[in-house]
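Chain nomenclature is as follows: A, B, C and D, assigned in order of appearance, with residue numbering initiated at 1 for each chain independently.
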Amino acid sequence: MIKGLSRAGIGQVGSVENFAALASRFGFGAIDAGGTELEEWIAAAGRDGVQSFLQEKKVQIGSIGLSVEWRHDEDKFRAGLPRLAKDAQAAAELGVTRCCTYVLPSTDYNAAHFMALATRRLRTCADILGAYGIRLGLEFVGPHHLRTRWANPFIWDIRSTLDWIGAIDKSNVGLLFDAYHWYTNEGTYEDILKLSADQIVHVHINDAPDVPVAEVLDNDRLYPGEGVIDLTAFLKGLQAIGYQGVVAQEILRPQPLTQPSEELAAKSQQAFAKVFAAAGLE
Amino acid sequence: MIKGLSRAGIGQVGSVENFAALASRFGFGAIDAGGTELEEWIAAAGRDGVQSFLQEKKVQIGSIGLSVEWRHDEDKFRAGLPRLAKDAQAAAELGVTRCCTYVLPSTDYNAAHFMALATRRLRTCADILGAYGIRLGLEFVGPHHLRTRWANPFIWDIRSTLDWIGAIDKSNVGLLFDAYHWYTNEGTYEDILKLSADQIVHVHINDAPDVPVAEVLDNDRLYPGEGVIDLTAFLKGLQAIGYQGVVAQEILRPQPLTQPSEELAAKSQQAFAKVFAAAGLE
Amino acid sequence: MIKGLSRAGIGQVGSVENFAALASRFGFGAIDAGGTELEEWIAAAGRDGVQSFLQEKKVQIGSIGLSVEWRHDEDKFRAGLPRLAKDAQAAAELGVTRCCTYVLPSTDYNAAHFMALATRRLRTCADILGAYGIRLGLEFVGPHHLRTRWANPFIWDIRSTLDWIGAIDKSNVGLLFDAYHWYTNEGTYEDILKLSADQIVHVHINDAPDVPVAEVLDNDRLYPGEGVIDLTAFLKGLQAIGYQGVVAQEILRPQPLTQPSEELAAKSQQAFAKVFAAAGLE
Amino acid sequence: MIKGLSRAGIGQVGSVENFAALASRFGFGAIDAGGTELEEWIAAAGRDGVQSFLQEKKVQIGSIGLSVEWRHDEDKFRAGLPRLAKDAQAAAELGVTRCCTYVLPSTDYNAAHFMALATRRLRTCADILGAYGIRLGLEFVGPHHLRTRWANPFIWDIRSTLDWIGAIDKSNVGLLFDAYHWYTNEGTYEDILKLSADQIVHVHINDAPDVPVAEVLDNDRLYPGEGVIDLTAFLKGLQAIGYQGVVAQEILRPQPLTQPSEELAAKSQQAFAKVFAAAGLE
């Protein structure tokens, strides 16, 4: 598995180039980035320049975010497709093979109707991404408070998300598997063993405070090893099924972190070292 | 448009052969049938025998019912697929090009999850039917009492059903458009004009009692022209968009009808004559 | 049916705005255009401005061309997808619902492998177009000399193209049906009757010189009524199946036409008047 | 990897039950079987009976053959779908997750048209199989003599077959990867490394005589280790990419083998032991 960082948890790191350099300095092999910033970086430094930089830093782009707004009306969705194609084009030039989006567990729309619309829309996104050799990861979101935040329950667990992926019916769609959502679904090691590695597009790691699981807030995340999630089981499960991709830290907080990025990256490095060691990894 | 009968509204008519003969006698050009009874009929009389009979009677099989149980668990669904393939095979031998199923407007399952499962399952059904040149019609169900009959709202109107058809993403899927459900959705002539004929796989006709629309019961249907549905607008709308397929009567009642089938078929014939004439048809 | 023009046959007409105005002046209700020129027009005149202009001129955009290069390598294909999304976006803003591409009847690639690649690529195009409510028309190309122009035979007739559309498996894909290719396939009125109107996305009209059908050259086209194609049967067939879309003139010539566009448009108007009248249309 | 047997190479072994018992006796963990014989076995012994037998013998059913005739006309194809659904049902009851078919490298049909038809047909098969959790493996066929056996070249290598799988566009379709076809395509270890384990549905192993590669006959196969195929590279490649499925022996011969099945199974056991050991496996 490749240790990775997202911007959530490292403060104001600046440009994607700075971000990649920081990640490299603290022993990370991947960062999550935005398609547009990749396009701009390529425009500025040239594809070869960016590739050389990343190779020198031994950092890959683990995943880009899905920039299309698929959660609301049709006009917004359509308006985002040219951008998605350009994101995918830029990402593919750098060898990126992952793009991810999250799925809120409730909705103000009629849930069945929205599921039908979202199925079609995400299939279109997957088709565009697939043309560039990029997989689409869907992140189910577990915290209980979000299941009732909007009027109608949507989906929030592995089983439903896999069934949804079956409905989307594109071979390049899989899970973004986040420790926080596994935990808030009270997932087990055995649940991970039921997955195959190729069903997992991307992984997020983080930790949760010691409060009742039904009270865990989505943006109250801790660094790996600081909380109560059994990350040893999490990482061992991923290891057991042969997952070899990126495990990227994602620490959502109610307020932006104000510490220097170096300090937060160092903290992240230590957090990864601790939980990976506990799981007998690297 | 071709006047058709389903078994709902003509009492105990017996075998499909009897049903076809009765329909013919009373001026109908189509009947809805079951795939299994068609297979058995072919087994007994030979494909040529059945075809000759239908040609002589000038009756076609307008649609078969979808025999697969797609609304519950995966085992039941799977168990029905061999039967579906045989239904489709038998139907195709008789030139049948339509297969239909209804969609209940609420569900005890999580509505979004069930939508995902149903999307995948109906795609599989559509794919099997498509191999035999058969289209799949989805019937949205409008009566208000069924929208809350089970715990979670599903879908019940044209727009949602078309969006679902987009999610299923097979070119041989369309609407079963039933006057009762159009009425209980307070559909208008203009709503029909927004459709294209090729979006409609099959049509049901019937009438509704003069009660508030939110109180109309699904199984309290009247013969065409006996109630308050504006069937003139309904038929004129279908005419305007160029629909040339079958319009089959479906009269669901709380109790089985006990009158002789001849009497009910004659009543149906007069009902069709009245509403078709009012719409300026044939 | 709506009489339409493409740029092939009217000389150097200039901007799309001029083209629309010219078409209007000579009684045409539609023009074929490029997605990029529509985007530029909208950028210059505003969406409302363009819409008003077209409404005033009573001209619609019948179809845009598929700008993606799907016939060669994967890099070229990918590179065209952002442009396609923007084309579709611009087209949709003007209510355009058709996009077309032609299919050469032979290839230097292994024909089976190329068919597999082209199936996937055109599905992706169809998916992007479908997101904007646009259908994709595939134009089979009949002239015999092109069937052996490259090393391996591909496809060139209705049956194969419909089967290909089945392989692509998107409900928004259909035929661009061109009189020239129908003729060079020795198509008949009965062949048209076997189609349904919704299988036809767009129609081209033109005429062929009186040479043996196997010797007809693709770029030796005449104006409707000047040659030997039975355009009466062609138009009556389309009428019989209920086709109500655009019939656009496409006159491919070995050299650019040098006459003034007004002269050629007037000639086109008379050509249409003649063949439409012969078919009992408008 | 699980050592497996097909019936090709073990003579007249009789019923599937006998076959499973024989495989078990000689240290194999899987056999390839037919869906119909599985259905009959279940009918005779009960699902639990068959499962117990297989568990006791430590033998799984590695793959069933695709019984549908997808290579010829539409009627034959359709006629096989009910059987396919029953095969899949029977296989799923025994936990079988693989179904395979081979692809001849030339065809008397127009290659592009046949590719389109075959794409649609195999998608339908994949959809039916997918409903039962079964993957479909496509076996490209490499021997040169078959590439020109019929009038038009089709496809015969990894790249084309993967592109075809992309055209079929179902996530449960992958390769049946056969050492003989890898060899006759002059495949390398590096070619295997380019694959991911989840692209491989099933593996065949065998060996080729020491004749020029262009002269290797499809039905002149030797037992593993008897010929010139670099099975060490083959197995190490599969190991390197993490393939953990069945590797089933398939020895096609011009004439049926007449030795006792025990003798041939013993020979097979020794052959596997030799090549697995050479590759550092088990």
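Convention: a residue touches a chain if its C-beta (ideal position, glycine included) is under 8 Å from a C-beta of that chain, and two chains touch if they have at least 3 such contacts.
Just so we're on the same page, UniProt names per chain: A, B, C, D = Sugar phosphate isomerase/epimerase.
This one's a predicted model, so the numbers in the text were calculated from it and none came from an experiment.
Touching chain A and chain C together: B, D. Homomeric contact chain C/chain D is classed as same-residue, with over half of its interface positions used by both copies. Averaging Cα coordinates per chain places chain C and chain D 45 Å apart. Chain A and chain D have CA centres that are 37 Å apart.
Looking at chain D, residues 123, 169 sit in touch with two or more other chains. Chain contact summary for the complex, chain B toward chain C: residues 169-171, 196-198, 242. Touching chain A in their complex are the following residues of chain C: 77-79, 81-82, 84-86, 88-89, 92, 121, 123-124, 127-128, 130-132. Residues 107, 110-117, 119-120, 123, 152-155, 160, 163-164, 166-167, 169 of chain A are the ones touching chain B in the complex.
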